[in-house]
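Several structures are given next for inspection.
One chain, chain A, appears in both complexes that follow, with chain B as partner in the first and chain C in the second.
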Partner chain A sequence: MTTVLLAPLDPVHDNAIKLLRRKLEAAGYTALTMPPGVTEEEVIALALQERPAAILVSRTLGYKVAETLGHLVDLAEAAGLRPSTRLGVGGMAITQETGAELGFDGCFVGALNMDEVIAFIEGRPQQARQQTAEAAPRPKPDLTEGFTYAFRDEKIARLLDSITEQLLEWVKDKQSPGIERARLRAELLTETNPNSRAALLERYLSFCDAEIQSFYRQGKLPSGVRRLEAEEIARAPQRLNPPMPAFESLRHNRQKPLFFAQYGTGCPIMDAAHVRIAEAWGIDGVLHFDPSWGAQREGLLEGLLTHEHDGTIITFENLHFIRSFMNPATLWNVRGHRGLNTPETQVLAHAAGADLLKINIPYGSTGGGTDPERLAVDGVYSVRLASEFGLPFDIPGNDELSGVPPHKTFAGLLVMVMLGLKLGARPIPKPLLCYSPYMTIEGLMDDNYVDMNVAKLRVWSEIVDAPIWPGEPIGFMTHTPERVQSALTTAIHAALASSCGAAAATIASSDEAYSKGPISGPARVDTLRATREMLRFFGQATISPTPRAAELQAQLHADIRSTLEKIAARGDFVAAIYEGLLGDPSDGLYPGRTGRGSIQTRP
Partner chain B sequence: MYTLGFAGVAKNTGKTTTALAVLQLAQADGLRLALTSIGYDGEDRDNVTGLPKPRYALPVGCLVASAQRCLQVSPAGLNLLHNTGIATILGPVLIAEVTRPGLVLLAGPNQQTQIEALLKQFAALKAELCLLDGALNRLTPLAAADGLLLSTGAAFNEDAAQLIDHAAALTSLFRLSAPPASLETAADRGSLLSAQAAEQLIQTLPHSDNHILLSGAAAPQHCLTVQQALCRPLHWSFANPLRMIAAGDPRSWRDFIAQVRAAGGDVHTLRPLPLHALTLNPFYPRYLPAAGRYEAACLPAAELLQQARLRLPDELPVLDLHQQGAAALRPHLPFLKRN
Partner chain C sequence: MSAMQHVLDALDLETFLVCQNEAEAKELALNLAAELGLSHADVVFVEQSGLGARVRIRSYIHHPGQGYGWLKEETA
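For the complex of A and B:
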């Protein structure tokens, strides 16, 4: 039987050693333990007597402790033990770098992983976690799996049917420069003949703004944009492909929700770094955020481009570059829910390997700033593309942040759900878990953040059997510039989403709202770490709201129905947006103006 | 190829600063350099105190052996030459040649046998000087070197008198001679680390034996127990000074050696290791309990150096590189040009 010597090398604590002994004995090893307070010489003397396969040391790192551990390693070497006895160390503040500095053969960081410990004792490759990560790919989860999309509120289903039929009829003979470009872009992506490509590009540019045309024709870059340099690109794989730890879900013992993080630093290399950080800390998926100015131009750029402000420019090369550094199992969403390039964004996202698209006509044509008529045409086309590509699309409900009451936002989300279903796609509504201006003004969340958020999630299960993905991010407007507070409020909203059975949730970094620039890696880890702890705390336990939640839910349901009745009665969905039925100036919402007048009606 | 080891009695005593000084001198002499570390070097800040640390900025043409994960994130331009087959926590140790000057993170082999294998590979690549950086207070693997520079300082002990006394005892171990040829060959008794092992040695050593060979780890207090119990002239042989230091405080060794010699015997090392110089670093990290952090502090540098030189033998150069600069090392390193 293989012998392992366990030494705390700590004056008092040996809990980790006791835990390890129990688990090693259960795994069939002889585990010899030494009491707290033994010296390095005593450990090595016993090892010389027993000749264990490994000595495992548990010690929290503090000043001068490194010397104690280094001394143990030195003694083991001097005693001639190292060829036959492997030395491993673990404990608070021990990192792989300190393990290397101390001269150990193995280092155990974080929670006890017995597979890793046993692999070490047996002399199998030390970096078992990393190898597991590379060698055993995870299956990619499907957010929509198991949902029937059956409507439980038949009256709402009938209203949505009427609204979306009218919308589909209205767009039928309409065309936009965005749709033309999407078609041309799809051809450009596959065309290899230079002459044909040049001709396609000329046609593409005929649908573009002057700024985009000058990029292609004169090589003029928009303000604050530069191309990534060859050296930056060449060095990226070295920077961005470190050995990764095996994936450890944030969810403890639950299957859902899947957790998503947003990125969009402006620089594709930085984005890839953020994605790698998020993956290392257990994220299930990421969302690509583009700059708002990109949504206000007719046409998209090409090439590996970085720029100075928030949001990373959408080009095929940028998207493909970022995707190439992701774990294949990481779900990837590219937002194209608003703007003049919505259809083309879906084409590029799909070509670059996106798993999810993002489309929302009502929000994109109000809070998103795009003309409702234009986005209705482009949005319907984009949903058709999602269907053609076989990709789910999510529907962000962030217009609540402008001050819109949730029933109006949810009515818009429901229209998009029905539109998606009619066109054969798989929609995912994203009600916001937040402390919105409307709630603040109306005092609806004065007592707690639980009741209203529970009502906002539960009302969906009364209406339709669809995956619900609270976004974007959860806890919006409960965050402050203080990182601990911010991470905590995100984590508790994550626990609430989990408790309510959400299919997914988007979490912010702890500096996302107040970073004054690109968010930082440590702040991203803050919320991932806090969320993990919170979900560990709750496990299968759930959060119970007060009876007030049921009242709020009933009111919300009734208000959604009433909003949809008004839209259906209006008989023109686009007009309903212009006229504020889904949110008006008193709600802080105005119809978007970008792209107004750009729709053409086919003869 | 000459291999120079950099040993320290504790963290923050100046190993890397000393190595950087030699690097600078060797580079000026045009030597083809190779570099590795038995620990992990290259972080900006100490991982315990948070205080800044010196880093390795390597010139073009320098060979380096470091773990794959360290080389992946090193800003210097590197041409990977081959995999040494040596495994570390941070991945396999690779040999690379610097193609663009810059910082390199080092984490090399940590056992003497691994280092010896690596040195052969460096030699095959025509390296002329290999710098072998130590780690913390770990010394044993540095026995693979041809000679050493030893660093001590206030980070080890803020009491100047104790610091110098320790240094005196420590460096005296490097002056132990090899066993005389006339001495009878002894059976290797390995290690001596417990009272039980000492008692066993007392009981089993034949009366006719006057030579005890301990090539492993032997603690001075147990050796002393044996010496006192047997109470006769004995010759004690240990593998090298570094193994002696690994198993006991040099001041305890000094006491043991004194007793052995008083009884008419002597203490030897099978492989004496040249100690070219001792560097003395007055820096130490001072903990500020109210602030919960460390700050950089220093003992009076000139006074410390003067006291150390008075106490240590004249033939051992004692240097403070911050006061004297890297050039102060040149006369004491045989592989450098004499100016």
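For the complex of A and C:
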């Protein structure tokens, strides 16, 4: 058994030595420890007696560091220990520079990393260990694993069955330009014959807006858009693919939730940089956000394109480029839940390697979104694609941010859950943890942010056994431009999601409430760092709401059922959206208008 | 390549300004950015209380979609 000598060259502090002893013994080493206040001569005397593979000394106090440690190195040299015994040093008073200047073989700075310590004892290069950790594949998590999707509220299940049967019957004979393009895009992705490709492209363009047609026919880029230059593309891998540290989860000792971050700086290169930063700080997955204008035009562009506005343009090349920089274990979602290109987005996302899709008919067809009739047709087709691709799809519930009460939003999410299940897909509802306008107006969160958010998560487990993913992002409308406050509110909402057993959560950057510029790299680190610290603080401990949470949960459950009863009684899901049963103008919600009149009924 | 070219995107400057009110704090913050040679600076956050104001000033060294200094070839 390999022997290691541990000595605190410090008059008082030996916590690090005790911790090291426990961990080294657990790893199968014989760890000999000395008490605080030991002299350098005593350390060397014991080393000559025991002949350890390594001497690890720690130093916390900052005075006489160089004299004390330098003396130890000199004594080890004079005693002839150096060829057989490696000398390592760590502790609060030590920097990499100090350790190297004094002649130590190894220097340990920052949090204890046992892999690093063991590599040192065994004489393996530390850099090699780091690269091995990066190269070692992590399993890709499955958010839906272990969930049965069995409905626990049978009345709600019957209502959803009725609503979704009607919707499926209604879309059966309907067609849209979006669906036509999705089919053609799928063919274009695999067709290699130039003549056949040209013919397919012409058909594709017959379903596109004029601006998209002029891009393909005349090479005219939309305003503010440029192609990435060859030099930029060539240099990106060198800058964005450095050796990465071993992945360290944010979750401390929990398995859930998985944490996601959104990106969409407008530029694929900057996106890749942001993804790499998020990965290095412990993110499990990322979501691609596209520009809002992309949702309002019929047709998508091609090529590696960048622009100086929010949201990164969806093209196969952009998606593929960004994906190529991600760790293979990073879960990747491409937003396509609203807009005229919803089906085609699913096709491109799947082709580029997405792990999750995003579809929500009621939310996507309100506010500045798509006409409800159009998105109902495109949305059902997109859910079919998710099923065909074998990919889960998540269902954002962000209509709450317009002022919609959660029971109406959740009713819409539930319709999408049942629709997904009927079509063989794996849906993931995303209730928001937020301080929404409805809560502000009604005063339902005046006392605390815990009770209502707990009610909003727990009500789901009363209804259906499905993974719950609070997003997008958690803590919406609690953030301010003050970065400490912003990071803290994200972290505490992450702890709440974790405490409630959420399968995943989407976290913002500390730039969430700053609207005058793009999200910055350091702002991403802020919230990842804060979330890690918060989850370390809580560990397996949970957050207890007040008794008010149970009352809110019961009311929410009853209101969800009541909303679904009204929709089922209406007998027409699309009409229910138009008529505001899932949110009306008094809730700040209006039916979307984009793509109105574009649905065709097949004879 | 200068250190500034290694800034990924935004450069934030946080400090406490001794001043009378938020309006003065904003003006001082932007003047400070100009004195430090930071172009197109913006005040991300300002909060005045008592003695002065806590401020965060931001300047985008590399705006997404533009060219990035850190992507260019290193020159001696």
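The rule we apply is simple: the second predicted complex is superposed on the first by the 486 of 603 C-alpha atoms of A that agree within 3 Å, B and C clash if a C-alpha of one lies under 4 Å from a C-alpha of the other, contacts with A are read in each partner's own complex, and residues count from 1 in each chain.
Assume a contact is a pair of C-beta atoms (placed from the backbone, for glycine too) under 8 Å apart; a residue touches a chain by one contact, two chains touch by 3 or more.
Note that the structure is a prediction, hence the values are computed from the model and not measured.
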Once the structures are superposed on A, label A:E41 by its partner contacts, choosing first (chain B), second (chain C), both or neither.
-> first
Give the label of whichever partner, chain B or chain C, reaches more residues of chain A.
-> B
Look at A:P242 in the shared chain and tell me whether it touches chain B only, chain C only, both, or neither; answer first, second, both or neither.
-> first
Regarding the shared-chain residue A:H71, is it in contact with chain B (first), chain C (second), both, or neither?
-> first
Where does A:P518 make contact in the superposed view: on chain B (first), on chain C (second), on both, or on neither?
-> second
Which of chain B and chain C A:I269 touches, first, second, both or neither = second
Could you look at A:P83 and tell me whether it touches chain B, chain C, both or neither (first, second, both, neither)?
-> first
In the superposed view, which residues of chain A touch chain B and also chain C?
-> 239
Using the touch rule from the top, collect the residues of chain A that touch chain C in their complex.
-> 226, 232, 235-236, 239, 265-267, 269-270, 273, 277, 306-309, 480-483, 514, 516-518, 520-523
Contacting residues of chain A [partner chain B, same complex] = 41-42, 44-45, 48, 61-63, 66-67, 70-71, 73-75, 77-80, 82-83, 95-107, 125-127, 238-239, 241-243
Once bound in the complex, which stretches of chain B touch chain A?
-> 10-11, 38-41, 43, 47-49, 67, 69, 72-73, 87-91, 107, 110-113, 135-141, 190-191, 193-194, 196-197, 215-217, 219, 239, 242-243, 246-247, 285, 287
Chain C residues within the chain A interface of the complex = 8-10, 12, 42, 44-45, 47, 56, 58, 60, 62-68, 70-73
